[in-house]
Amino acid sequence: MAATRALIRRGARDLRLLAVPQCGIQADMLIGAGCVRGIEAAAVTMGELGGAPRFNAAVKAGAIEIRDSTCPAIHTALQASEKGVPFMPLRGILGTDILAHRPDWKVQDNPFAESGDPIVLLPAIRPDIALFHAPRADRAGNVWIGRRRELVTMAHAAARTLVTVEEIVEDDLLADEATAAGTLPGLYVSGVAEAPMGALPLALTEHYGADTDHLGEYARLARSAEGFAEYLQRHVLAQDVAA
Amino acid sequence: MAATRALIRRGARDLRLLAVPQCGIQADMLIGAGCVRGIEAAAVTMGELGGAPRFNAAVKAGAIEIRDSTCPAIHTALQASEKGVPFMPLRGILGTDILAHRPDWKVQDNPFAESGDPIVLLPAIRPDIALFHAPRADRAGNVWIGRRRELVTMAHAAARTLVTVEEIVEDDLLADEATAAGTLPGLYVSGVAEAPMGALPLALTEHYGADTDHLGEYARLARSAEGFAEYLQRHVLAQDVAA
Amino acid sequence: MPVTRTELLIATIARLLEGCGHVAVGASSPIPGAGAFLARALGGDEMRVSVLGSRRHNFFTDGGRELFDCAAQGRMDAFFLGGGQIDGEGNINLVGVGDYPTLDVRWPGSFGSAYLYFLVPRVILFREEHSPRVLVPTVDFVSAPGVSEEGVWRRGGPHALLTGRCLFAFDRAARRFRLESAHPGESAESVAEATGFGYDAADPVPETAAPDRRMLDLIRGRVRDEIAETYPAFAAEVLGTAA
Amino acid sequence: MPVTRTELLIATIARLLEGCGHVAVGASSPIPGAGAFLARALGGDEMRVSVLGSRRHNFFTDGGRELFDCAAQGRMDAFFLGGGQIDGEGNINLVGVGDYPTLDVRWPGSFGSAYLYFLVPRVILFREEHSPRVLVPTVDFVSAPGVSEEGVWRRGGPHALLTGRCLFAFDRAARRFRLESAHPGESAESVAEATGFGYDAADPVPETAAPDRRMLDLIRGRVRDEIAETYPAFAAEVLGTAA
């Protein structure tokens, strides 16, 4: 979230977002602030708080390009980039309107089947930037991600990876076999910034819970463009807002 | 190794081995003991101790079926099974004699390229059994594998997974985020057996080193069928051999 | 204490899950989650239950893709899907109402439905709202199709549709729902009035079986405690306390 | 202390690696490993060096496939390959001599060569034995081809061939090696006699440049210590000690 706010403050434009595989308030804020040209996602939602209001408004206004996807298709297309192959096959999806609206996806017969057997081929997705928040990193840029291994695939697939962390520690996260197992090596990390409580108002598992009051305020205000502007002014643009 | 010795003692026959992606003394012993019908591997080697003698002899005699492969092809074919797809593409390999001798592999043009661009398609490999040794498991069958994540892919790909471990611990390996990150969930594990020092004479990283004298003895004896029989008698078949 | 509608739904779900080895429950699904815990308790704890968003009931350590890979490997017997619209052929729509892409109403998106509907043998459609707005003749957008053409690889699909009014079974060969039972207070007529698609029906339509004493005790005791970890408000406000 | 042949090879490898961002060194490769450490030291420690089998110089946490994925992502600039046979077009054979599959001599197998030779821009062929037995007109089995047909996707290939007698550069357009320099004690003639394939040559053939004072000090000091973690016997027995 800290990076999301920073992107809005610096007036980012024409971003193309990839949700891995879904997103919520971050995408909604970036869309509301006019930073986004297009989005690919399996879902955009505020969870218990309902739909993502600025996303929904932008969709209705035709203001952003949408690529509807499905969760495993996004994981798979990133794995294709991770492995340096131009495409990967995936089961399912046939007969959906998702496929009907994805001219970039192809269907071919499985060449290993006796007959027929159509299967979807997904082109690799290579993001310019992978951006996420994690509990900690060390001085060498190694980042503890625990079992959130989709972050590993994201980083492998992306050209550059930028990470915000709760804290930068002095220990080498790769030195101990136990921490190494849950660590993204610095080899894949282009930049790390310390942003304590940087996921708020979202939760960071095992560190802090979500700020549900804040999320509720956002969901309420963002129903209208005016309310969203008020939210931005109060929580993002105001001079005294940290990070 | 404990499981390897057990397989030999119980007179296993007609095994088809898959090395992930290479193997050494275990495959060599099983081949020498007549347990193996075929092997797929990127390499069979005793490392510093040279070639695998019983493997080499069996190759020369035409006594086993060989599928020469290359490391990433084995990883990829297991990932195909992990993802439940019939095949995956992989770069490279074109123009090799590996490909020339793999009628089960196919080459097709990348359908996302403007023109040409041949690429190898590898059929999924679904092993009946994944078998490996690990430092520890808990009572629920969760197995600590650290960063040896090829074991995760093996287990995901295989129909059944059997694991020997140094020790079975009382803690729940999934309870703590730090150990969970390096743990294969019991969901994928069909059976666990305690086999302390079960990797010997091979090393178990962070636990014990290789028994180089024993490995040297094997390499020396296994050069001949008679010597190999002597090794088996001494270290595998003798009544007083543990595990 | 009388049986509540929520308890009836939980008990019905538990019956639908009988015999499953591994049941996964998606996000924002307290009733399916409670149903799965009840089924597990009734089946002597043989069943594995994975709850998205739970820390304790989460067997996954391989990142966001593992749920989908696990289904693809045939290791997941049942899953729950909903839908802003569900039609008589079992097609579900999680994307929106109107003409795609601008739409009159936009919902979050298809999530993993386009995949899991093909891969998981027993998909239970669950939607409490039972109205012509939800149960439509034809969905506006096919997030996932109820049935597939001949020759399309497919292991899974709709097993039943449970609403606040009734339980439908799905007949894949006939491509139609069949009304199995109406909940207390409902009738063949009240269900027909609220349903926008055609379906077969038992005649007379039986009443949905109420949970027996043992089920109720479990729901109000152990299941309540288990689901409270992920859905504390639901457990406290909706589920009663064991006598 | 005079410069040894091993030190000359290490220094030559370091020169070949100049400008690389990430160099990976395979198993059983003490001289390439020392060369990579020397290149890193000379380049102000900007270079990343991954050593297979090392605990300290191992940036990988995603299992056996990561080395290959990393290469596929374009994150690995140089790698080393050897060969039981190497021919004049840069084809390498790691499988054996004679007719496949029974063969007269069986070697371990192709390992990752069939892949990495295509993916890693700067592949350095290193084989100390320089004899007509190794450097053959045509390899008996192509583990990995030196060049590929037009239209085959290929980012990498042979950059140089370093032997115990000389250094060849590889000209991909001409599909031929070119003798760059002969080691002290060798000549154009002695190299020609020991080489089974045709190649171009500088005329006169310069002598391979000896390591300068700074390089020698590093080899006998810091590099010796770094390589000792993985190859203690090599470091102790083969490398000298800094004056």
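The chains carry the letters A, B, C and D, assigned in the order they are written, with residues numbered from 1 in each.
The working rule: contacts are C-beta pairs under 8 Å (C-beta built on N, C-alpha and C of every residue); 3 or more make two chains touch, one makes a residue touch a chain.
Keep in mind that what you see is a predicted model, and the values were worked out from it rather than measured.
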| item | value |
| --- | --- |
| Relative to chain C, chain with the most remote C-alpha centre | D |
| Centre distance in Å when chain A and chain D are each reduced to the mean of their C-alpha atoms | 41 |
| Between chain B and chain A, distance of the C-alpha-averaged centres to the nearest whole Å | 36 |
| Between chain B and chain D, centroid-to-centroid distance (C-alpha), Å | 28 |
| Residues within chain A bordering two or more other chains | 76, 79, 83-85, 90-91, 110, 117, 119, 147, 152, 180-182, 205 |
| Numbers and ranges of chain D residues touching at least 2 other chains | 60-62, 65, 68, 72, 119 |
| All touching chain pairs, where touch follows the definition stated at the start | A-B, A-C, A-D, B-C, B-D |
| Residues of chain C touching chain A in the complex | 27-28, 55, 60-65, 68, 72, 94-96, 100-104, 106-119, 141-145, 148-149, 151-154 |
| Interfacial residue positions of chain B with respect to chain A in the complex | 76, 79, 83-91, 106, 108, 110-113, 117, 119, 121, 123, 145-147, 177-182, 205-206 |
| Chain C contact footprint on chain B (complex, rising order) | 81-85, 152, 156-157, 174, 180-188 |
| Residue ranges of chain A in contact with chain C within the complex | 20-22, 41-45, 47-48, 51-52, 55-56, 59-62, 66, 68-73, 75-76, 79, 90-99, 101, 110, 116-119, 147-153, 205 |
| Touching residues on chain C, where the partner in the complex is chain B | 22, 48, 58-62, 65, 68-75, 119 |
